[in-house]
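The following pair of complexes shares a single chain, chain A, combined with chain B in the former and chain C in the latter.
Entry: the complex of A and B
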């Protein structure tokens, strides 16, 4: 892998030169929250530790979108209208979230809607010498560093950036303005990188003992904890909407008034909702809220589907989102403390 | 096209907001007039009948004996009945004291103790349409959403079942990346309220007041306890729960109090 470095002041210039690829996006402020949004100016970007309300999945697997329109003769997906975007400032945990979604949407039968958006999006990751926030659990989940899933990755080392080139698209982006990159990385720069990483490792405020938790989850299938959590859960769905690895969606057809026309759209669904597990004949496989929570936390903290690994990327969004304090931290703690 | 379906819109007690929403459908309203025969629509036309209806759209809650008689006549004349808006679906804001007794006393406090008016109007405590007749589909909202109305009506006209989101307001609120008002300590009814409005109030920093009526599956006891912890009084919480909650809320509150006892 190619590693380069860049002077701190040059990022602005490089940012604008990426306009040749597509729209410029990144973390920006919207009222009280930070979101991934279109950045008209470099100064709109919040390039500092912190977390966006929704993960980057919202741009690749949107919360609601039209899949295709149809009439009696044909259907059209209009995939060619999906814009090309550069997203600067994607956190390592969000890139790990995308890698999980890639497994689901791109392996075996690739999903054309996901694939096109993924192909049209340049992911430029960034990490800092501090954790993003107090509720980050990425260190425990092993998602605080990232080896793949990005086109370029910037390590912010206070007075310069180390830049990893992660794909051929990343290389193309560098070629848009090669003058701002240097390849003469000396020992001092590497030492600064190692020192910064070590310092950051000491600053994480939260952790989960992932050595034992998956086994404890396995043994806690009949634990009364699930019913206790079910009594508390508001069933609002917030945890699943903000989760980078949640990928479930519903598909609905919209029939137009006349002429046999219509469209089909998708929107994010959520296994915490009772209707999600409702099947024909009014049967429900997960009638109680506790059972639905057990499924969700089983996926996040034990193993998800065929991939055998916990799906949680440790972003800590559920920690902030849940109004009644049910999240990966409190659930892990409750399970580890119960016998 | 085959025979056009006969559709009527009928209005009971409410603000007529649903008829206004239909009138605001612009080019889709013209399309609707093309594909169906609209035989009842008091806000838009003067000639209105209740006869051989394929689809009857109802707005408002039932508050007088004559409305009840009309509702039954509509049910008998229509193949499909759709309740439009929170009043028709759940009873609306005028049902906020449902089940608390002393209804006649409350009525006379407002309209006077004169029995002449009472006997002439034959009023009754406000209730949603499904208290008296079978309703086939519901489009909640205060007023209902134009998109949800067009979705439902198009599907029924084309003989396919409509599907409206059963999720709570919080879902769309998260999609919009709003700062959670409940987490900020506001009395927000998002988790208890039927979604579909696009979380319009929380998106403008205003807590959800529950105007789309109660979501089918909720955890009211948990939100109640949470609001008590946040310092709201029982009276204040119940008043908010009941404001737009109508008949389902009477049941939900009863279950909640039994559970908490």
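Entry: the complex of A and C
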């Protein structure tokens, strides 16, 4: 991989150079919350350890959008225009989340809505010498580092950035302002990178024993834990909304007042909701809330076929989002400690 | 599968016309449809066991098993029970009405594996929808299969889907057609009055080890039929069934048909009994 370095003070200049590619986005502060939003100024960006409320998926797989409009039996075929965007400051776990969604939306029959947004978005990742937060589990999930799924990746090493060029588009971005990049990575820089990574590895506050958990989950299918969790769960769906690897959506038709016209739109769905597996005739394949939680945690901590591995990317958002403290950490703990 | 134009949107339905419709029972209707685009109608490829998404603008989409056979190209046939929003809207449509369809989706029956074997087709109620496709396919390619049995159970003669078609098939020498009803309020039923599992007593001269069974019916039927099939010695990976789930996309993206860690629309809807034992929650 092509690796360059940049002086810390030059990022601002490079950021504005990327306007030539498209809109500038990144983690910004909105009230008390950090979100991925449009950054008018470089100073809007929060380039420091921390987590956005929603993962980057909201920009590629939006929470709600119109798929197409129809007029009687005629469907509009043109896809919505998606402006080109650069998102600077995407965390490694969020990039892993995107890589997982790519498996669903880009393999087999590619989803044109996802594909278009993915193609029109330049992803610039960033990592720091500290974990993002106290509830990060990325180290346990192997998602604290990332080697694909981005166009450029900045390792913030306090006095300078190492810049990993991950795609042809990433190389194009570098060419927008080549003067701010250097390719002479000396021994000191390399040592700083290694030292920083080793230091960070010691700072993670949470972990899950993923060596044994998938098997424990397999063996706990009939455990009473699921019903106990089901009794506690409020079925609010927050866990799935904040999860970078949750892909599920529902599709409904909306009718306009003028006859025969309307639109078909898509919005995030949630497998914890009772209606999720309900079919016509009122048969529900997962009637019990415990069964639905078991399904979700099975995907996140044991395996999910299309991903071929556990879906959790260890971002820790469910740890903060769940109002009744059901999350990957508490569920893993309950399963590992139950006899 | 149909070669779509580059950059075409797989979520956009294609137009099809309702050619013919009639009731198969008090709440199940037969729909014969054809793509408006004749080239598409004649070149469409599918397998017994696959399904399609029907689209009624303003109401939505729902998945339906294909009841016709690819060995008779041109028309697509479905039998649909009026039970939800989309089906109610479909029931209001008349001949020549245009609907949207997309597909086919899912993995169908593994015909290459089944060929050369004896085949038992075991139907309960609406299970006739996907299994009629397999039955007609086997009849149209009769030399490719060994002994062929249809075991079809319904509540009453009135409830038996494709009753006349199957009664006529009893005349055939190349099919053992066993039809049963639980009860006969009409008093005119000439076939069996029995449970579908009782029909196994009439299954003779099959090479058990080299027999495939295809089962589809209401959930209660599976338990008894599967037990019977295992007891008579049919290998579990040769017992096939097609399963129902909620589906919104058909392409492994929306998530609704998930069972365990797989999507029914991608890995199914045809599963073997071994799959069922292996993947908890399938039936």
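We take it that the second predicted complex is superposed on the first by the 330 of 339 C-alpha atoms of A that agree within 3 Å, B and C clash if a C-alpha of one lies under 4 Å from a C-alpha of the other, contacts with A are read in each partner's own complex, and residues count from 1 in each chain.
Just so it is clear, contacts are C-beta pairs under 8 Å (C-beta built on N, C-alpha and C of every residue); 3 or more make two chains touch, one makes a residue touch a chain.
Here the structure is a predicted model, which means the values were calculated and not measured.
**Student:** So, A:305: does it touch chain B (first), chain C (second), both, or neither?
**Tutor:** In the superposition, A:305 contacts chain C only.
**Student:** Quick one: classify A:176 as touching chain B (first), chain C (second), both or neither.
**Tutor:** In the superposed model, A:176 contacts neither chain B nor chain C.
**Student:** Of the partners chain B and chain C, which touch A:47 in the superposed model: first, second, both, neither?
**Tutor:** Touch partners of A:47: none, neither chain B nor chain C.
**Student:** A:252 contacts which: chain B (first), chain C (second), both, neither?
**Tutor:** Both: A:252 reaches chain B and chain C.
**Student:** Report for A:234: first if it touches chain B alone, second if chain C alone, otherwise both or neither.
**Tutor:** First partner only.
**Student:** Touch check for A:109: first (chain B), second (chain C), both, or neither?
**Tutor:** second
**Student:** By the touch definition at the top of the document, which applies to A:67: first (chain B), second (chain C), both, or neither?
**Tutor:** second
**Student:** Quick check for you: in the superposed arrangement, does A:289 touch first (chain B), second (chain C), both or neither?
**Tutor:** After superposing on A, A:289 lies in contact with chain B but is clear of chain C.
**Student:** Show which residues of chain A both chain B and chain C reach, each in its own complex.
**Tutor:** Looking at chain A, the two contact sets intersect at 252-253, 255.
**Student:** Please name which positions on chain C make contact with chain A in the complex.
**Tutor:** 7-13, 15, 57-62, 81, 83-87, 98, 100, 219, 244-246, 248-249, 251-256, 258-263, 266-267, 280-281
**Student:** Touching chain A in the complex: which residues of chain B?
**Tutor:** Residues 1, 28, 31-32, 34-35, 150-151, 153-155, 157-158, 160, 163, 165-168, 170-171, 174-175, 177-180, 182-183, 190-191, 205, 217-219, 221-223, 226 of chain B touch chain A in their complex.
**Student:** Which stretch or stretches of chain A touch chain B in the complex?
**Tutor:** Listed in rising order, the residues of chain A that touch chain B are 30-33, 35, 52-54, 58, 63-64, 231-238, 241-242, 252-258, 267-268, 270, 273-275, 289, 320-321, 323-324.
**Student:** Enumerate the contact residues on chain A facing chain C in the complex.
**Tutor:** Against chain C, the touching part of chain A is residues 67-68, 70, 72-73, 75, 77, 79, 104-105, 108-109, 111-112, 221, 247-253, 255, 260, 262, 264, 269, 271, 276-281, 283, 285-286, 291, 295, 298-299, 302-306.
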